[in-house]
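Pasting the structures in now, so scroll down.
You will see two complexes here that share chain A, one where it goes with chain B and one where it goes with chain C.
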Partner chain A sequence: MSDFVIETSGLTKYYGSKIAVNQLDLAVPRGGVFAFLGRNGSGKTTSIRMLLGFETPTRGSCSILGCDSQRFTPELRNRIGYLTESHFAYGWMTIAECERFQSGTFARWNDRIFAAVIEHFGLSRKARIKDLSRGEKAGVCLAMTLAPEPELLVLDDPALGLDPVARRALLEAMLIVTQGTERTIFFSSHLLDDVERVSDQIAIIDRGVLRVLCPSHELAERTSSWILKYAGPTPTLPEISGLLNVSSFPGEIRIIAVGAIDENEQRLRALAGVDVQRVPVNLQDAVVSYMDDRGRRKSLFQSIGA
Partner chain B sequence: MAGDIEIILGSAAPLYRQIVDQVRLGVATGNFAIGEQLPSVRALAERLLINPNTIARAYGDLVREGVLESRHGQGVFIAPRRSVFSDDERQRRLALAVDALISESVGLQCSVDEIRTAVEARLKELGLSNRKKRG
Partner chain C sequence: MSTLLWKEFRENLKWGVVLLIISFLYQLGSQFISPYEQVLLYSNFESMLGLGCAIAATILGLLQTFREVSRDRWAYLMHRGVTPQQILRAKAIVGISLYLVAGLVPLGILCVWAAIPGNVAAPWHPLIPVRPFLTILSLAPFWFVGVLISLRDVRWYGTRLMVFGLPAVLGIFSVALLSSSYFIGILCSLVPTVINMALMLILTSNSVERRGQYGQLATPSRCILALNISISIAAAMMFVLGLGSQLARPYLAEGPKVNVRTTILEDGALEEVTVDNLTQKIIARKINGQSVAVSETHEPEFLTWRKYPEWIPGGDLYGMQPWLPAPMHLMDQQLQCVWHYLPEQGVFQGYHRQTRRHMHTISPEGVLPASQTPQQRFDRLTASTVDYGVEIATRDKDNKRDPVTPPLRSDTVYAFRDGVFYIHAESGEVRKIYSAPPDDPLTGVRITESVPSQQVYEYEKPPADSPRAPLLAEFQHKKTVRQFVIKAEDEKRIASQPLHEQLFAPLEQQAFVMPKGLDTSLYSQFLGFRKGTHALYVFVDASTDIAMYHMLYAKADGAVQRHVVTNSLAVEVLSGIFPVVVPPGMVVTALTEGRINQIDTSQVAAEDFAVHPALTTVHRLLIAGVISALIGLGLSVDRKVSRNSLIAWTLFCALMGVSGLLALIGLVPRPLRVKCHQCGKLRAVDQPHCPQCHAEFEPPPQNGTEIIIREPELVPATVE
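On to the complex of A and B.
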């Protein structure tokens, strides 16, 4: 069995002349929680849909659990759980009916898991889907996704629109699923606190291109940031290796770069008339700097003249 | 005092580093007693609502450093004080820690006296100012 539950190779998707996913090479190891991050429209959902065989790649290939995504068998689909962005369920059904309907489509169905998740979200089986709040509906969808005990769970922005209590329940469920088993969660999210809590690995995609793939705890440690303060004319920056982002403010420049920390620090400290301060970087800063426009840009406040 | 381990999200210190630092400091200040059992990886992960692998990594580092000891089938405990490093290695690690302190402080435009005073004040605050070398 392959050590990777998801593998993509040169995965590319065009819609007309617009490129949605560009040469994506991804390998998701078995076990643990993998966070797939990117801005809206960066190609996350398109990638996920190709992985699951719902879209045909323009070029390249992808496979799940060692099987090409274009050739899934029903048996293989049974081993994958997928929670869509919109938490789809039929409004006219009760939760009990949802369970009966969904369980019929899976070879394996664990009643205890379904019941536990429903209870965790404080739901009654008699409730109709159309009467549920968004968080409650997410709970039902999660229960339906977890009950077949899939080896791989693909969650597309599962926390979207959830209140803090429902979000907590979701995170707890995610951690329980991956506890002491060989099960893997691949999820996309914009909530970086959640990502910091639960993820083992982080991949960041920007405009269809994979920018980074590393263990979560390394992301911030590999990234460094400096604030340059100056009174006179705007200094000309030296060459910064691994430059991710430069933001200019009046009398101040903030630089974020990856790797080569000492080397970059030396070059910056050599600038005359500039006060150089190294500042710590957290996960949020690091992730944002990978997603933001590359190169020099002004802050929004400056652009609108605030 | 298992309740002592807490995490801060959005901090520049990764979660596993926060746990390592808290246990290390807790042992040095006597907040954790020798022989005290720490919560299991799973229990702590549930309480803090974080990935258990993060806690396992932190505990692993602390076991390697000799701060914790893992007793088979029982869990992890605060280890009796002993140095698992040779004198040379201890000196090398100390030098690294001092370098980090100096580079951060110099970056903040601190004078040598300020740095010295801050270190001594903090040691005193933690009750470590008369601390002898670990036996």
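On to the complex of A and C.
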């Protein structure tokens, strides 16, 4: 049995002349939680849809559990749980009917899991989907995704639009079900504190290009941040290796960079009349810095001429 | 599978109920508002039923699919432990079942109701519902059209609709094959229905699996889709061109500016009327070659329309089986009956308007009560047209029928193979007034009223002192045509005396002998025009796939001087375009739709008879095919299709013309090309290696912030 549940090789997708995913090479190991991050429009959902065979790659290949994504069989789909960001379920169905529909079309069905998740969200089986709130619908969809006991869970921004309580419930349900099993969770999210809490590995995609693929702790460890305080004119910054972000404020500059920590610090401290402080970086700061525009646009203060 | 069926049924039952209600209202409503005839026999009812079925099936397929093709919904539906084909099968079973129930249940109820004596003033036969039943069945494949419209991965909704062509052609074909031979017709009709269903199922099944993307479909599906789209485009183009040419017709410079119409007046004089095509005003008039003044009130008349107005019976006589009834409008105020002719029994049956029960029977013996079995029967009824104008002329300003109806009306005369009968239900008189020679049976009769051109009565009673217009009777035999004028000078005398054969007086020598070598039984339509010492015969040969018009210019003795065959009598300027823009197999132009009687006679006037185009239709088709093939080849090469696809598309474009080219452009997009980083030449983005220098694609540019830590110790998967 392969140690990778998801593999892509040169995966590329064009929409017209625009390249949405550019030669993505990914390998997700079995077991654990893999976070797939990126800004809106960075290519996350397109990548996930290609992985699950709902989009055709322009070039390259992708496979799940050793099977080409363009040739999925029903048996393979039984082994994959997929939760979309819209938490779709048929509005005319009740929760009981949703259970009937799902259990009748999947080979395996664990009614205890379904009941447990429904109960966790405080739902009644007689409730109609269209009458549920967004968080409640998310709970139903999660229950429908977990009950077939899939080996791989692919969750596309599962907590999107949920309030903090619903988000917490969702996360807990995810973790409880996958605890102690060989299941793999592959999920995308914008909620970085959730990512920090649960993920083992992390990947960041920026404008269709994979920029980060490493264990979660590695990203924070390799990212560093400095605050430069100065009086008088704005100092000219030296060349910073692995520069991620520069933010200018009155009398202060904040720099985030990845790698070459000592070298960068040495260059910064060489600046005259500048007080350099290195500050710790958490995963959230690191990820946001990666997903930011990298100095391609001005800060808000610069834009308004402050 | 049962879960999928349950889901589809629960979700779509409401649409089935809506369709059922609409179908119920239409079918039973049509019968309720027409209590004197079996509406199931009528082409209008069937046409509307067919149109409604196609639309209903398409809408149902659309409703079952359209809402589910958005990204997450589609993923939710498709990502489960069943195949896409199983999902489609469940949708199809439920959708087509709901469609059939909506169509057939009201039909069944209608049949039961219509068969009960006293509900409809018309006879009933168990085979009457066969055509509507087969119409409903043959249009079920349109359900797949709705699904395909939803699935197609195209940008504009207009192009999504271009999937109706193939099922429409096969559907119409299957209904058209319901000919006069019922049992053979039923079998013949089922064959295209089965083919239709199979082709659409193959295409839709593959499309569901591949989310409607042409490039991902299997070869059979691609062929079906290409053919479907091409036929749809051709149909749309023919409609637009036909409509446009009709609108532009008066303004076309190459078309004739004037028409010259010839007419035989009641006294046998030859009238020639010149009409401006654009304004339809009469600009000149001659009688026997002499110019006469044009009256301001003079209305232009076609030779066989208005001047000799025509009335078409409500039923299609030739389409009827011997055991099916056909309604005949026997004038009957006394008995208050609605009359129907039953070809199998060879009698007329009268049904009372109030009780709607069979009250009387007309046979050659006379008018009999329903309880009496007739001993004689009429021979097969021929195609006869009777004078609607007469009926119109007897109505007053409020369009009410004149109760005092002279007995000698053209709609009291009926032609059978062995002769012509005068039948007047009110007086009970049934009399044979003309016997056809045994070796020359009647094939058709046209009896019209020769209304003088100045007197066109429409919804008005003729003045009391106006002369009674004589009847012009044209008896078409298998070998000869004989024309007679029936003059009735004294209305009262005719009303009180039975009609005698002496009243038939030949008009000059109007017996046209058919040109030698022609068998008129092959031709479904016939017109004869007399001009001077010559005559012009126009036949429509409907025995070929494409109706061909034969024009023969002959002397009075029948010696043919010129014979032209053409597929179009419309304005020729556009006919040259059609072989280029429509598939060669669909050469019939939209302009020639309709009855030949309405064709402008100027097109066939002797002087214009030299309709010998420089290029025949076959030449045009060949040239169009070669041009289309070359363009198709160029487009295919540009789109970098495979060798097999290149050959296939080239042949397809040669066969289908412009519609094939448009299908190619729509289905096979030009691949996106970018510059190769190594050789600088353009290369397709979907190919991993440059065709020129074989270089791979350059990796995405790095910006120095990448952190890529892969785990080399792990075992990579083997892709299945």
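The rule is short, and it goes like this: the second predicted complex is superposed on the first by the 299 of 306 C-alpha atoms of A that agree within 3 Å, B and C clash if a C-alpha of one lies under 4 Å from a C-alpha of the other, contacts with A are read in each partner's own complex, and residues count from 1 in each chain.
Quick note on the criterion: a residue touches a chain if its C-beta (ideal position, glycine included) is under 8 Å from a C-beta of that chain, and two chains touch if they have at least 3 such contacts.
From a predicted model like this one, the values you see are computed outputs, not experimental measurements.
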On the A-aligned overlay, A:Val281 touches which partner chain: chain B = first, chain C = second, or both, or neither? first
Counting only touches as set out at the top, which of chain B and chain C does A:Gly16 meet: first, second, both, neither? second
Once chain A of both complexes is superposed, is A:Arg168 in touch with chain B (first), chain C (second), both, or neither? first
Under the stated touch criterion, which partner chain does A:Arg197 make contact with: chain B (first), chain C (second), both, or neither? first
Answer with first, second, both or neither: which of chain B and chain C does A:Leu271 touch in the superposed model? neither
I want to verify the contact counts: of chain B and chain C, which reaches more residues of chain A? C
Once the structures are superposed on A, label A:Leu160 by its partner contacts, choosing first (chain B), second (chain C), both or neither. neither
Identify the partner contact of A:Met291: answer first if only chain B is touched, second if only chain C is, both if each is, neither if none is. neither
Residues of chain A at both interfaces, chain B in one complex, chain C in the other: 218
So in the complex, the part of chain A that touches chain B is made up of which residues? 32-33, 168, 171-172, 175, 178-180, 192-193, 196-200, 216-218, 220-221, 275-278, 280-284
Give every residue of chain B touching chain A within the complex, in rising order. 9-17, 42, 45-46, 49-54, 57, 103-104, 107-109
Chain A residues touching chain C - in the complex, by the definition given at the top: 2-4, 7, 10, 12, 14, 16-17, 22-23, 27, 29, 49, 52, 54, 56, 58-61, 63, 65-68, 71, 74-75, 77-78, 80, 82, 84-86, 88-90, 92, 97, 100-102, 104-107, 148, 208-215, 218-219, 222, 241-244, 257-259, 290, 294
Chain A-touching residues of chain C, taken from the complex the two chains share: 2-4, 6-7, 10-11, 71-76, 78-83, 211, 213, 216, 672, 685-688, 697, 699-700, 703-711, 714-720
